[in-house]
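Each of the two complexes below includes chain A, the first together with chain B, the second together with chain C.
And then the complex of A and B:
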């Protein structure tokens, strides 16, 4: 409802769009993924602090843990792709099929 | 206050002086060799003083001067035990080393590193003396390892030759296997008697001394080339002849026997170990005598002869006669060193030819060497009243008239006759008949550096037995009476061997050379022992370790079971269950368009 909420929702939408539309590098998708998780985290934290809903104040922390794991896995995939292809251009992805 | 302790310490110190002089400029001059030789001569003369005092008054000494370290209750100090064995051995060893050094001035004359050679010989002599005069096992071990190291350096003297390197490594490995037994005994002595001093070991009469003696026996077997640990000795003939004469005939190989002799108070109460030593010695003496019969390298024949005599010494220890074994050590040193020096003279004069099939007719050309060689061979076989007689005949008499294992006795007697046979082989193939070497050889033996050592050792070979056995104080009751046929056993076996050898020699001289029979192959290839044992166990061990450690543990258990299997299963499963084509941008775009259309339609359609 409030402007801050809309601000964060717009940030979320922009990151989502960036995740779904990326040109050539895989790492930009991962970066947008980070943006998504960040905006979600700030949305959740603000709402909970605003409504003094103390019982749910562990939700942002758990969210942060999962975001970190996700980033790590994404980077591991990036490293493997970079090992096999040398770059992370997405046009290479369907070249080597098994 | 007499000269005893001072003479001993002076002897030992004098021998270290040329080594200390090796860092100066004197080391590079030509006089260094004569200096070393003279030092050994002086050490010999000075060491005669304590020996004479011992013979006269039976005075033994224990010199314990420097307390090195005390670890808990173990006190280690630098102590020298001058008793019957070490006092008798020192002059003999120094005399022989003096003669060998004089010989090697002539033999190694053209070698550029001759000064280093002399330094190595001297370090070897010092470590051998440390071994014989050691009072505690730690010092003995220092000497033990020292002679092993010097043997390695001297066998591999011509290290450009790969055979010499292999032989040196072989010597070290076989000695090391024996050292395991030595360390076992040292540990047992440390944990059960709390000491490494010989006095305390002999004082504390333990119930069963099986374990340390079982440990000392492989140590002696490794150092003295008994059966099972013997191939290094014939391979050690890759070294120069002075090395073979010093190390592998007189001094180093008797170190193992000397160790067992030192421990005779423990051995005389332990029948099983005596029997083991007896059997091992009998087996060794026969096996190496068989191997010596068909060798073609003169140095290898003499090496096997040494090995056979060492087996005989082991037999003597097994008969509970350590003093006879020691007498045999001293007398054997003389004629064996002389045999090696004669072979060195022959080899050098024939332009480094060592194969006896290419020698012959040296009887008239090298008269002095011929004399020495024949005398040495006769002393070796135990010709009455030469040196070998005084020890070897006594050993055979003791063997035949003691309550002992008949099999071991039989083997020893057969080996005695084989000794005569291969001695005849050496003499007839190198000295007699027509020459088989190329005609243009400049053969002379006029150099006094060659003649004088052989002359000295010749006099020693003839008289030393008499002198030693008349001057050595008897420590055991000698054997007084025995039946006539037992007394003549050794002589009969030797004469039998000679007759057999001469017969075979005469009737096979003019025939066509036969293909070697199976028995000849067995004997020439040393009973197939090196062929089998040097290849099969290492191959098996390495294959087993490759299968177990690399293939099984590393590759399979820690690499292929979980990680690679998981990856493989995942890959197969994902390929099986998915039919995607990896067009990521298309998928993302379609997702985005779907989301946008949904949001728009839900916004405008209420």
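And then the complex of A and C:
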């Protein structure tokens, strides 16, 4: 609604665009995923503090926990991929095409 | 895999879907969906082949994006209504974002690109879990927010799914990809009726799960993953050819079999709501689905495909794989049509 919210939403949109359009490395997609979860954290904390919704103050921290889980599993998959291919170039993901 | 880890992963999978379906707080629904993704990725990597790794990575990326979009929709809903109860959404932007996020999770078009590739890269039973159990959680959320979903977006996505599920499956010989495209088409049928009568979505989901479970269990008996291997089943287990044919025709939606029931109900509900062009087009494009099922049934059951041995049949051993619930599932997926009035308990 206000300008700060629009700012954080633009940050989310830029990170989302970075996640959807990554050129050669898989790790840049994981990085943009982290950017997305960071902007969501700030947006949630902002909304909850703005409306003095004290009971929900725990929620951004729980969000951060699950963001860390996603990052961990993303990195684990990245490690397995670089075990088989040596790099994380996305052009190598062509085993499963028709 | 170590049985302790396997039990832990499967129980987390079941628990996460239960969390999503019974929760009334948006955060818990989101947590359930995250746990769902976390639990199934190690199951998909049971044998760490490069194909399974690639499938897991593609699945992870798409589902993580969908979770992030879902969280954004939840927070926008919070901004405009300042409450976390799962009921209808209070902002059209949040509604559109959440519908798109759940469509990515389900594999509706235009977000369907991950489904064939991920289904292809994983073992058959894991593919079964992916195509049946994983659909329960997003559809339960869609069911709960159904009063506030944008009609045009939903109808566009579901009709596009039916088209793409029909056309995409035509050029495939790999059975897992065929099942993936069939899943996309059935999801399209399910989400068409969501805004008019959500209990028919549940009916379609139930019948679809039964039919897909039957199909995958039949395929897992011989470990067949291509059409070529499937056409050899007359040699090893001749009775499976009949069951495969009946199940495939039921999935295509032919009348005396169960698969006709959800299609009939959906077309009836749509015509009650005065949309005539959409069910006509849906029924016509369901023929595309029926074509590739018929092709599979033809090469499996209606012809004796040339095989490598000289005898007409191989020596019949006792089956070593467990046919869990297979007779029950076959009966349920072919003979349930006369019991249609029973499904009013879903209302």
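Criterion: the second predicted complex is superposed on the first by the 94 of 98 C-alpha atoms of A that agree within 3 Å, B and C clash if a C-alpha of one lies under 4 Å from a C-alpha of the other, contacts with A are read in each partner's own complex, and residues count from 1 in each chain.
Going forward, a contact is a pair of C-beta atoms (placed from the backbone, for glycine too) under 8 Å apart; a residue touches a chain by one contact, two chains touch by 3 or more.
Note that the coordinates shown come from a computational prediction; the quantities given were computed from them, not determined experimentally.
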item	value
Chain A as common anchor, with chain B and chain C clashing or fitting	clash
Which of chain B and chain C A:21 touches, first, second, both or neither	first
Chain C versus chain B, contacts on chain A by residue	C
Touching partner for A:49 - first (chain B), second (chain C), both, neither	neither
Partner chain in contact with A:61 - chain B first, chain C second, else both or neither	neither
Chain B versus chain C as contact partner of A:6, first or second or both or neither	neither
Touched partner set for A:73, first chain B, second chain C, both or neither	second
Single chain B stretch clashing with chain C - from 130-138, 490-498, 562-570 or 598-606	562-570
Overlap of the chain B and chain C footprints on chain A, listed as residue numbers	16, 19-20, 93, 97-98
Of chain A, residues touching chain C in the complex	1, 5, 12, 16, 19-20, 26, 29, 33, 36-37, 40, 43-44, 47-48, 51, 53, 56, 59, 62-63, 66, 69-70, 73-74, 77, 80-81, 84, 93, 95-98
Of all residues in chain C, those that touch chain A in their complex	27, 30-31, 34, 38, 41, 45, 48, 50-51, 53-58, 60-61, 64-65, 67-69, 71-72, 75, 78-79, 82, 84, 116-118, 120-121, 171-172, 177
Contacting residues of chain B [partner chain A, same complex]	571, 575, 581-585, 588-589, 591-592, 595
In the complex, chain A residues that touch chain B	16-17, 19-22, 90, 93-94, 97-98
